[in-house]
Amino acid sequence: MSMNSFGHLFRVTTWGESHGTALGATVDGCPPGVAIDAGKIQHWLDKRKPGQNKYTTQRREADEVKILSGTFEGVTTGTPVQLMIENTDQRSKDYGDIKDKFRPGHADITYFQKYGVRDYRGGGRSSARETAARVAAGGLAREAIKSIAPGIDIKGYMTRMGAHEIDRSRFDWDQIDANPFWTPDAQAADEWASYLDGLRKSGSSVGAVIEVVARGVPAGLGAPIYAKLDTDLAAAMMSINAVKGVEIGEGMSAAMLTGELNADEISMGRDGPQYSSNHAGGILGGISTGQDIVVRFAVKPTSSILTTRKTITKSGEDTEIITKGRHDPCVGIRAVPVGEAMMACVLLDHLLLHRGQVGQNQGHIG
Amino acid sequence: MSMNSFGHLFRVTTWGESHGTALGATVDGCPPGVAIDAGKIQHWLDKRKPGQNKYTTQRREADEVKILSGTFEGVTTGTPVQLMIENTDQRSKDYGDIKDKFRPGHADITYFQKYGVRDYRGGGRSSARETAARVAAGGLAREAIKSIAPGIDIKGYMTRMGAHEIDRSRFDWDQIDANPFWTPDAQAADEWASYLDGLRKSGSSVGAVIEVVARGVPAGLGAPIYAKLDTDLAAAMMSINAVKGVEIGEGMSAAMLTGELNADEISMGRDGPQYSSNHAGGILGGISTGQDIVVRFAVKPTSSILTTRKTITKSGEDTEIITKGRHDPCVGIRAVPVGEAMMACVLLDHLLLHRGQVGQNQGHIG
Amino acid sequence: MSMNSFGHLFRVTTWGESHGTALGATVDGCPPGVAIDAGKIQHWLDKRKPGQNKYTTQRREADEVKILSGTFEGVTTGTPVQLMIENTDQRSKDYGDIKDKFRPGHADITYFQKYGVRDYRGGGRSSARETAARVAAGGLAREAIKSIAPGIDIKGYMTRMGAHEIDRSRFDWDQIDANPFWTPDAQAADEWASYLDGLRKSGSSVGAVIEVVARGVPAGLGAPIYAKLDTDLAAAMMSINAVKGVEIGEGMSAAMLTGELNADEISMGRDGPQYSSNHAGGILGGISTGQDIVVRFAVKPTSSILTTRKTITKSGEDTEIITKGRHDPCVGIRAVPVGEAMMACVLLDHLLLHRGQVGQNQGHIG
Amino acid sequence: MSMNSFGHLFRVTTWGESHGTALGATVDGCPPGVAIDAGKIQHWLDKRKPGQNKYTTQRREADEVKILSGTFEGVTTGTPVQLMIENTDQRSKDYGDIKDKFRPGHADITYFQKYGVRDYRGGGRSSARETAARVAAGGLAREAIKSIAPGIDIKGYMTRMGAHEIDRSRFDWDQIDANPFWTPDAQAADEWASYLDGLRKSGSSVGAVIEVVARGVPAGLGAPIYAKLDTDLAAAMMSINAVKGVEIGEGMSAAMLTGELNADEISMGRDGPQYSSNHAGGILGGISTGQDIVVRFAVKPTSSILTTRKTITKSGEDTEIITKGRHDPCVGIRAVPVGEAMMACVLLDHLLLHRGQVGQNQGHIG
């Protein structure tokens, strides 16, 4: 019952702090025989890496991953894979002035109240830097999925920045990798660029919504009642820093529909059951239907802003704070590869779990 | 790694099907010395019981709970508490005509695809009837909380039915128990009554949003990174039948805010830190702040409606279905006590876990 | 993390006390499609049932098992199977005189020290009566094994009663079911009968060694490093009441051997690798070799004896006690079906786990 | 459900192979505020380190531990502690000649059969080198125990080498650290020295029995039924490489006793209950009594010997093998600090678990 672990059979334990020696992921339960090397994992870490453009934090981290164990002659052996990222940029002096103050919206105060220790170095364990370890584990999960269930494709993208939502009629899969916001709406990307530039200059920040879709997932994944596929996805996404809401398919809007509008009708297609729509987000009763799995989550605005805010010190005195430093005006951008990584980990976990539970799909229709 | 269990130290395993002999909850990890009897648990089951008014299913179940183990001379002993509810109304003939058809929006098809077994009796294990076991476990959790952390109060209520949301300016805690919808807005209750009556008569259904608030929760609960309080709450609520979205505090709307609007400012109060607002929903970095814990979840409309819908049979033939029977036009109503029960279970679990991790609150401010 | 559960994917939670309303096992993770009914489980419970001959306690319990959930039309559905045994013989007055005294060798004192509750009714949760639930779960596990890995045979038997060990040269599988001690040595059975008769009449008791063998287990089961097959078997057997030692293969005697005598040589047989001997007990590095799995455990003598013993009361006063009542002069006898049940549960669990980890045996030799 | 993890709340995951880049332990659940540095952990690693005298393998590993995370300003923060040991001596050429042969008594063959991968480099993950990670975690556990439950003392020692057992009448705690065999019997140490010298020269090996005792453990630790203190200790010890048997207190010999001889009588002492003897090994019903916790385990002789043995190749051909290299004639010697480490981890885990379950000792006697 490690509190820093997730997953049932593909089990990932992350470790490390923002400004410690290193951080990483201890990955247990990766199937043997998966072709892997550091480069394949580095690809995904580079997607998340800070300092790539003016919209993300200028903190420079090489974020170079090393595989310390679990592989031999280029394939996984079935034993734990240790993925380590050394911290090279540990400018702790940046954070010295907030040593005794709690930053509003950050976890400084609650970590202190829980553990009695004030690790003021950039948020310590509560820093979003922890998500680098998730992305590394997700990179490994992607390769394992390729190996045991080829045909699954996972893609994340931004659908909202602050008040600005994408126009679904302009949705274009090919646009996602073509702009710094990973959004499928090219016009939105242009508008967001100038909007965010303004926010960045004024030292403000804004929230975002990220959607992650998995295509090609077979029907039957998910372990009701308390390891449902949607339950595990909700937990996975909610565990990401700054996330305040999670939706599957229709999400919160499902509350506004009538039964006639919501339930997806079923008919028989050439390759099995097919659905008239996907309000369910590809999951019924916690089990995948074979449709696209659709998850959405909201990221709150970065709490580190240049406006003066009221707060208190460790000794309980009222004071004020301005959080300088190198921050993201919209952390949602870098949350895209993190959401993808969590989706990859959860799907691989359920692919393995399904085999353990029932061996193979049991019920054939038609 | 039971897939039908949730919780770390207070661990609840539910079992049973809609139309089987009995269903219940095996509750492990309840602290010893908690005064309990069946009556105290029955109180909460009665709140969820169907057939109480015209807005909920007319299926009549006594839903009488029996305590089979784990107590002696009126108190818990620290050993597993078995809570059993026998099924008395097993009119399986009601469901005979859907024996070979999958009901759209239900989990009939995915359970069959996963397990290869078609338990057509009212949804079998995927029936919302399973939530009776959660409510029973939640009743026990409430008494245990009273015993080890008195002062915590948990309350759920509806804030939206379909297109109709409550007006927060009319919020009145005392109204919640005074109307069949558990809503704090008396005027909304009146409007919803006639709206739902119409839906019921036409054989339609509608979704809802339920909010659950816990007051008096001490700061420091929650076990980052993957057993965060909000992560566990998200999983708990998403595991409830028909739930499609979960929010903490500001929820999905956090995406629309700027950093200035979102982060709750801190000042020093007489009893410790206090906050200018509660966008965070009482949780920072996965740990409770001492403010109200605020969770919201959306329930989709009941999929069983009287309109003809397209579907397929077990053998893969296209067909149509009308789901007759005794159903709830708005299952959100009965989801209120279920949400409360999940909140109670998660909080008790984290109260115990916190003791195991750090013994007591470690960091004192001021 | 239920403390009353064992197993990874086939997960058994037992509940209930010696003299409560009922006891049982909540079994999660049983594969779907296993043909099962109460009768098949009852068969194994009858083997463990007390009062069958003069060598076991005269307490009469029907020990009739009911299946409350998890099956439909004669097969398992993949959902939790609830196995309940009602307590029919609850003569709690037998135990009234020990209400305030702790029985030496029993867990009365430690349960009180841990939980602060004195459930004096026949040991409460610490009673060996809990093992009935294990035997029920084991019966289900046996049927599931038949279904997914036919050819595995599990058999337990006594090899020692007190100072008297069997003569391995007289080992006869067919004798095991032919005597009340489940021993493969017919001559030992005769000698033990008169020995135990004397012990019983004098109100004394004696310990025993039980060996459980599984034949036909495929190579490759076991999940190093901390869910090794031998590790899980050691935990399973040590968790049985009164067990004080567990051995795999050569066991404690392995300490007395040299490397030349201990390591089993390997050669190539028609159906794969074969071994010159089985000092390893069928397990190398925590993984099955394909040889017989051999586990042995020692059961201490029943602590309830008619000799006066020194003890203390709940309030800390020195006193004496004679434990009357209906007890087993050698609890080892009834531990045989319990050991078999644990072996069945562990093997099924590892069969499922292996599928989840690697899908199928990966490495083919020859 | 990580298969490379053990512990409930103090959860240790080990990773790494014999000849990989590094190995280590990811330790989750260590309480905050424990004063720790690499030196305190190194102390215990040095005790296990190979090449210290002629009785252990001449493989030279610095075995220098680094703390990569989880501490700040000299104390633990409550977040995961990563303990890494880099492999400096990776002379893989030593092992080249066994690339295609399975070594009898080793896990080469079963790892290949399970995972389909032949990591021939010194046993890979199945190497006893993994135990270095346990010793590191145990060092941290010892410091945490000091911090939250001072007064507990853990000590391991050898009681048997092959046919030669210690004489308990010569038992002297002070002798344990004074000889290379960690034995409390100085005369045995002398005799074993010449015996083992002969074995070493002839390229043979021998088994051993190690006893680990914990003094000062409070009554009440242990979580029945399936996380009993003895169950967890049995699993912990059986998971160590080469262990074939585990005993608690009287152990396998309990089978030979009558009830009169076995049950420890209780009387009231100045500080609480006291016992006439300790056949129970300090555990009743899976819960500590307050007496010394006594665990014993048997280690089989090293399988790597200089005598020619029959075996097969990966392709299934009969062949022979002599296992040269740098090996321990009696691996039992180096198992002593490993057994101590496992005891420390299990005790810390149960100290934390007990707090989580019941808060504090509940039942006071006298």
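Letters are used for the chains, namely A, B, C and D, taken in the order the chains are written, and counting of residues starts over at 1 for each.
In the analysis below, a contact is a pair of C-beta atoms (placed from the backbone, for glycine too) under 8 Å apart; a residue touches a chain by one contact, two chains touch by 3 or more.
This structure is a prediction, so every number in the text was calculated from the model and none was measured.
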Touching chain C and chain D alike: which chains? A, B
Taking each chain's centre as the mean of its CA atoms, which one is most distant from chain D? B
Rounded to the nearest Å, the gap between Cα centres of chain A and chain C is 45
Just curious, how far off is chain D from chain A if you go by their C-alpha centres, in Å? 39
On a C-alpha centroid basis, what's the spacing between chain A and chain B, in Å? 26
Where chain B touches two or more other chains simultaneously, the residues are 1-5, 8-9, 14, 29, 32-33, 78-79, 114-117, 125, 224, 357-358, 362
Complex contact set, residues of chain A against chain B: 1-6, 8, 14, 102, 104-107, 109-118, 125-126, 130, 160-163, 199, 204-209, 219-228, 230-232, 234-235, 237-239, 241, 244-268, 273, 276, 279-281, 283-290, 298-305, 307, 309-312, 314-318, 332, 353-354, 357-358, 361-366
Can you list the chain B residues touching chain D in their complex? 1, 9, 29, 31-33, 78-79, 148, 224, 352-353, 355-359, 362
Hey, which residues of chain B end up touching chain C in the complex? 1-5, 8-9, 11, 13-17, 20-24, 26, 28-29, 32-33, 66-70, 72, 75, 77-82, 84, 114-117, 119, 121, 124-125
